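Below is one structure; the comments refer to it alone.
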């Protein structure tokens, strides 16, 4: 198939990755990046908003051609769809209320690097000591959920939320003690929490989170995947991704090799 | 207050989108109710037919679509329907995707659910028609079709109005679940606005209020229709606690 | 034209399950006949009227309405009318007035009355309305013509039901206990209307518990007992002297309240 | 103990809106009195009975039941009973039998009869059942005690309603047209029960259209007209000779059907 | 069809059935109690009580449960008064909040259904009760409530089934019942149709059992309406 046109879907409600403006148009990091990528791939793109829950089945049903929704590249997802190379890779971290006894836990401000399945990391063991008997909130069915279950499942109570935003509200309400998620997402969420929340413990980076966030396409559309992968490569190379990232996240999320 | 500005109609206000979404909810619910009316009438007819096969079929329909959570039915129709349409398209030689648009899939799903409730409403209304009045129609020589048109239909419609009001109310709220298809109806727009601005309570309360406005408007319409249809009923039989 | 046979019933039988309700009833009504049908509760009076206008299908027997024979087919031991068309036609020639009125609740009184003439007889609307208004005048409820049945008293509803039946210009009127649902005040109104009809020469078959009507208005009394005609005759003969013991006991019962 | 005043009513008035239905009615019933209350439809008979047992609140007047005065309070131009407790107590001493039976549809006949004695009078269940069965025997429907009201004929229902009222051992029984909803076959059954009660000396106030009952069973006839007692007296005096013109016209009306 | 997948899905979903049933039975129970309070206010004849009940019914019947649940769970905790009150240890629990919002919602519907039942009680049967000296609570308990409940039963069965289906929303507040677990399974396996088909079967069976139970109850409560037994018939 000759790709001159493609439909890209995103949720439109996951600020600042992607969001909807009051006039109904889409904005945020991903829509602006998409514009650049499409230009470079010489594809005429249409952006449509759709619900997160049905996104991957709908892609495979053919409702649209590309998913661009902070979609982490994981083994499970690779079974059903294909990914481009990543255009972003973000660290993850714990968050808690500023006035909580858990604030400023050991390692706060530092960064540790982890690989999949890695155990015996001393920073994590220190956290386990501090978080014993506490309640940790995560978004269901994410790579972060798996990490928390693997490392804290035996010492803390884990509560799964449908969305990160719900979890943040409960963190403010005091129903849970800690949250664990994408640090970039958190940094943005803290702004609307009126300074009540903050990071605690070290930032965690590395291949443990997979390769990062990439565009999802149907397995059959390898040519489309390759076109976008090329475009991403060039956008990373000339710093376009970094610029957009600084604009929307105030940090650089471009994947580091 | 900055938060109230978010609900306004200015460049940063979501007022216009919310109003549009309310109209979308109204449109999708009305379409669903119309689809449901057709299905409901057919299913009610089957259940009243006396033919054991049709009766069983009607029972299966009403049991399944009232017994399975609406969300599941919407998913099954949204994805299942799309796959089916695409498969049919392929078989007929069309390339690519021919999926159901969100509006059609949503209205169809809620319509099918609403049909199972409307079938019971119509059946109840039919059974409430006085047997004597039907006999009186036979006794002056009306044939089946005429009896249906002149005596049964007008009374079924009248007797069904309160029940249809309830079904409308149910469908209105079922339509909130269509948000999973990405259709920009009231529920989804509230969620998107909440997620984009991070003003969750503001937009959920605003959404709830808009639903209440829809409810009270439709209540008024159905009450009016009921009053009109009940002109022929004694005043004392109505509105008494 | 006295002497024309309007209704002729031969040997009608009817069973519900194993219970034989009518066990062979015959009856002839000529033009202008007013026949009172008496009998205890459960003796089969209503069932008999319902068989005549085919609301029930008789298991056996023959019926002629105004000389026309109602064709039946018998199949697998069950009978049914040969042609629904004929049934509809016959029914339009038989006026039926039900004990419980059965006016159509969604139509005004006038609409009730013109419904049959317009839609079954397919006559011009304007004519029907004019005739209906005259009929309502005759039964004394012309002022109620735009009211709905539920807003009328029992006696008024019963008279509307009579007007509705008359509007079809039937050859024969069948009345099933036309006054028993009415309180004593209203009985008079309805009986007055029926008396007037009798005087105009309408052929009528009336199931009634009103002895005064049977005695003073009808020209024949048929007494039914357990699905059979126990006795019948002129009212004077039946009510004085010539009555069978069963009939005497029956009317004795009615007389006991006085 | 003849001569004891069971019920005494003084100058009862009752209006609905601007329509004054009862315009000052007084009446005394002594032990064993059987009073027939006659009058045209709308003359206020039912309203009068309903005022006596407080289903309606009289606008004015005094009531004594078995010597106990019903206390009323008047406030803002409206009257109401001073104590719900007294009302409940008075009602348990007055048996009311409604025209339309009003049996409780969700209880069997026996349950209907024992309901009041057990739950209002708080008497032992076993005693109540024994007495109820005797009562049902007396009114002749003992075999139906485990049936539900909907499965009984009108006459049986009416007798069950009488048994239910009697089970409360009331001082006075009030009957509101106890036979008018019944077909002629069933009237006899119910009247027989009432006659037996009268013979046992029960004090009864009976609204009725049955002249034979008024004449042969009751010992006083009260004729109401437009909310007033038009005339009253011994049945023999009333029905022969001594009747006022209005009463004569009234019974003429009832007599016309025969 | 991949039967091993279907079987393992079924097992996963069945593990969530107890949660669904707990949500369901607790909210029906408390919703029923609350409905009794609301309906007594509604028919009390007191202008303020009945106005309050009307408002309650309007709000809880008129807005989507999803919004109600969100506001109860995430909204109540925003108020310091509640967070520092004795209620917080209860409201802190997701299950309590889920049951609370389900019960609040069904109470609105159930109150209307009960009111319909009360309206259907013949005023004459009430008068008959008054005329033997019943009043107040005795009258309600012995005559009004049994008849009204019987009348309300068909509509109430429908409401109960709607309630069973409404528990599907509780995963919004982190109570992972059958539908929530199904959705989580889908976001792990992306096999929408198979997972939802399994969930649909579970709900269908649960609702079928409930409806059969209600029909049985209705049957046993309507002896007085059925045709009289006819022992003499052959």
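To keep things simple, chains are lettered A, B, C, D and E as they appear, and every chain counts its residues starting from 1.
As a working rule, a contact is a pair of C-beta atoms (placed from the backbone, for glycine too) under 8 Å apart; a residue touches a chain by one contact, two chains touch by 3 or more.
Worth saying up front: this structure is predicted, and the values here are computed from it rather than measured.
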Starting at subunit C, what is the smallest number of hops through touching chains needed to reach subunit E? 2
Touching subunit C and also subunit D, the following chains: none
Pick the pair with more C-beta contacts: A-E or A-B? A-B
When the C-alpha atoms of subunit A and subunit D are each averaged to a single point, how far apart are the two points in Å? 83
Please compute the C-alpha centroid of subunit A, do the same for subunit B, then give the distance between them in whole Å. 38
If you average the Cα atoms of subunit B and of subunit C to get two centres, how far apart are those centres in Å? 47
Averaging C-alpha coordinates per chain, one finds the centres of subunit B and subunit E separated by a number of Å equal to 21
Where in subunit D do residues touch two or more other chains at once? none
Would you pick out the residues of subunit A that each touch at least 2 other chains? 53-54, 57, 169
For subunit B, jot down the residues that touch at least 2 other chains. 75, 79, 200
Subunit B residues touching subunit E - in the complex, by the definition given at the top: 63-64, 66-73, 75-76, 79-80, 169-170, 173, 176, 187, 190, 200-201, 204-205, 207-208, 211-212, 215-216, 240-241
Within their complex, state which residues of subunit A touch subunit B. 11-15, 19-24, 48-51, 53-54, 57-58, 61-63, 163, 165, 169, 189, 192
Subunit A residues touching subunit E - in the complex, by the definition given at the top: 53-54, 56-57, 60, 76-77, 79-81, 140-141, 159-162, 166, 169-170, 172-175
Sites on subunit E touched by subunit D in the complex: 122, 124-125, 127-136, 138, 142-143, 146-147, 150, 221, 223-225, 227-228
Mind pulling up the subunit B residues that touch subunit A in the complex? 6, 11-14, 16-17, 75, 78-79, 82-83, 86, 96-97, 99, 179-182, 184, 188, 191-200
